[in-house]
Amino acid sequence: MFGWLVWRDLILAWRRRADVLATVFFFVIVVSLFPLGVGPERETLRTIAPGVVWVAALLASMLSLGRIFGNDYQDGTLEQLLLTPQSTYMIVLGKILAQWLVSEVPLVVIAPLLGLQFGLAQNSLATMVVSLLLGTPVLSLIGSIGAALTLGLRAANVLVALLVLPLYIPVLIFGTGAVQASVNGSSPRPYLLLLGATLVLTLVFAPLATSAALKISVE
Amino acid sequence: MSERRINWYKYAAPANFYPLAGKMIPWFTGLTAILFIAGLYVGFFVAPTDFQQGEAYRIIFIHVPAAWMGMFLYVMMALYAGIGWAFNARLGSMMATAIAPTGAIFTFISLVTGSLWGRPAWGVWWVWDARLTSTLILMFLYIGFISLQSSIDDPRRADRAGAVLAIVGVINVPIIYFSVQWWNSLHQGATIRIANKPTMAPSMLAAMLILLAACWMYSIAVVLVRARCIIRERERESPWLAEAATDGFRVQSLG
Amino acid sequence: MLEAVNLGCTRGDRRLVTGLNFSARPGELIELRGPNGSGKTSLLRILAGLSAPAEGEVRWQGESIKSLAEAYSSSVAYLAHQNGVKDELSAIENLRISSGIAGNALSNSEAQAILDMLGLSRQQSLPARSLSAGQRRRVALGRLLSSNAALWILDEVLTSLDDTAIRLSRRFIGDHLANGGLAIIATHQDLDLAAERIQRIELSR
């Protein structure tokens, strides 16, 4: 049952690939705006690189949150999912997994290329990839809470941003901290461990909040 | 045998809470006025001038109570919202909605006074220290709660969605605070610490505590007034409201 | 065997229905009637388990559906105003995927057989967005047929459909009732269905 759900979401994303690709292009464009805004000096770029890539990943991931439940809410399939014998917790987990695979993993793949443009060294790039791998699932999990709360509301996109961005801040701090540590030559381990711990906690608790929010929004 | 103890559950119904709140408001307003005057007097006339910061430090008498109220009210808001959700008690949710704006205002005051404090002491309008940054994030959490509730038309959905958001927020606040502390300590070199409170003379502490009590009384009074407004708005089709609103005279309700 | 005990429902802060009691046994049909805004949809959603009642409870085989949770879900099939059909998937994909998620996966041939019954064999591989409203409703009916649900909850099932869809709906509901299923249907029109017992519940404004 779980497999069918993830498979379904992957097929649907494939048939609407334009939406998915738009998120990736947004990520690239936002990152590219910074050198234009700040100036191309190597040292400056290297200093701001971790923050810029992470913030752009945050924003891009927020754009894709509407898609987790939004389409299904519109055509009535969300209700049908809630009416299956599957627990809401697992339904939520399945949809988040599909969204992460489709919207976040491409960001993780492209980020090191953008990091190169900012003059980051290889070890920093590796840390960046690991930090994003650990951090983007947390973004999806927390973001799903906001997406579920704002289902069907006017201006849901902006509202989701308002609700979810403050909650993203710890992930941002740990993620950029890790890359920054690599850039400075110290070990990123403490940050990556913190990110890992955050991931585990969020994996257990966020779907609970999202399930509750879904049931509230669908009522 | 008549039940001697007060049946508190009775006041969980908006219809019974409404007149009780009405009676309580004047008392709390009076207490607020007395405590504010006392606190400001002690703060401005009794407490000595600070050795390092001169007269400007006195702004902490407002800054610190406002900051505490901002945080305390957020927890209260989450608590009421949670109770309203768990026990399906509308009044709990209405209280949470009533608390939110006051909490946001106190947080805002604490941000502004924090910023004003930095200016004469260190010459900058804003510092990204751990406390101020965390207070800023708390402000965002309040704004999120208020925006979410005002975007939802169905009042029960607004109640419950707010409860989920507030509970998620309350759990995250320690995590956010911790991560901001860490972030601040990493970039230590460039930061000026506003956290250096002047050493406390007893009269300074007294002034802060009196003003804290004043803010608390104020919050209670204002939240009760707002709660009564919310009750009137949401219960406008209930028969008891027509009676209460006209102080006992029966009014023919239309429709 | 479905029972509603002292059921009440609200929309917003307004009480729509209070003190509703009824029961239905296998083979029985309940017609839910009332003007728009009287709470038909809200009531059906409570019976389906999507929302909680403001008061009272719903019981299935003697147990409250709240405590049954997922066990009740496998006994219910709900057809709302929205079809619950994905536009980007074809008819046959819609059927196979929704039954797979619900736990009773259909093989390709089983799904095709159902689509044959619905008169959609030629359109089975077309994306649902290119089907007409009536055809999409038939795909949704296919979902009902492929579930093993004993209780069918249908909201305005006959409105704005083509003749084929109406005819097929009537036939399938009739068959379902004859096989010992239960059905609750909110409707504006006369259904003209045969059943062991037909109860009519009228909701007023």
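Note that the chains are named A, B and C in the order they appear, and that numbering of residues resets to 1 at the start of each chain.
Keep in mind that, in the parts below, a contact is a pair of C-beta atoms (placed from the backbone, for glycine too) under 8 Å apart; a residue touches a chain by one contact, two chains touch by 3 or more.
Please read these numbers as outputs of a predicted model, since none were measured by experiment.
Note on connectivity: the fewest chain-to-chain touch steps from chain A to chain B number 1.
Note on interfaces A-C and B-C: more C-beta pairs are in contact across A-C. Mean C-alpha position of chain A lies 33 Å from that of chain B. Centroids of chain A and chain C (each the mean of its C-alpha atoms) stand 37 Å apart. Chain geometry summary: the mean Cα position of chain B and that of chain C are 47 Å apart.
Residue positions of chain B touching 2 or more other chains, listed in rising order: 156.
Those residues of chain C in touch with two or more other chains do not exist in this structure. For chain A, residues that reach two or more other chains under the stated contact definition are 219. Of all the residues in chain B, the ones that touch chain A in their complex are 137, 140-141, 143-144, 147-148, 151-152, 156-157, 160-161, 164-165, 167-169, 171-172, 175-176, 178-180, 182-183, 186. Those residues of chain A that touch chain C in the complex are listed here as 1, 4-5, 7-8, 11-12, 15-16, 74-77, 79-87, 218-219.
If you check the complex, the residues on chain C that touch chain B are 10-14.
Considering their complex, residues 145, 149-150, 153-155, 159, 162-163, 165-167, 169-170, 173-174, 177, 180, 198, 205, 209, 212-213, 216-217, 219 of chain A touch chain B.
Across the interface of their complex, chain C is touched by residues 90, 153-156, 234-235, 237 of chain B.
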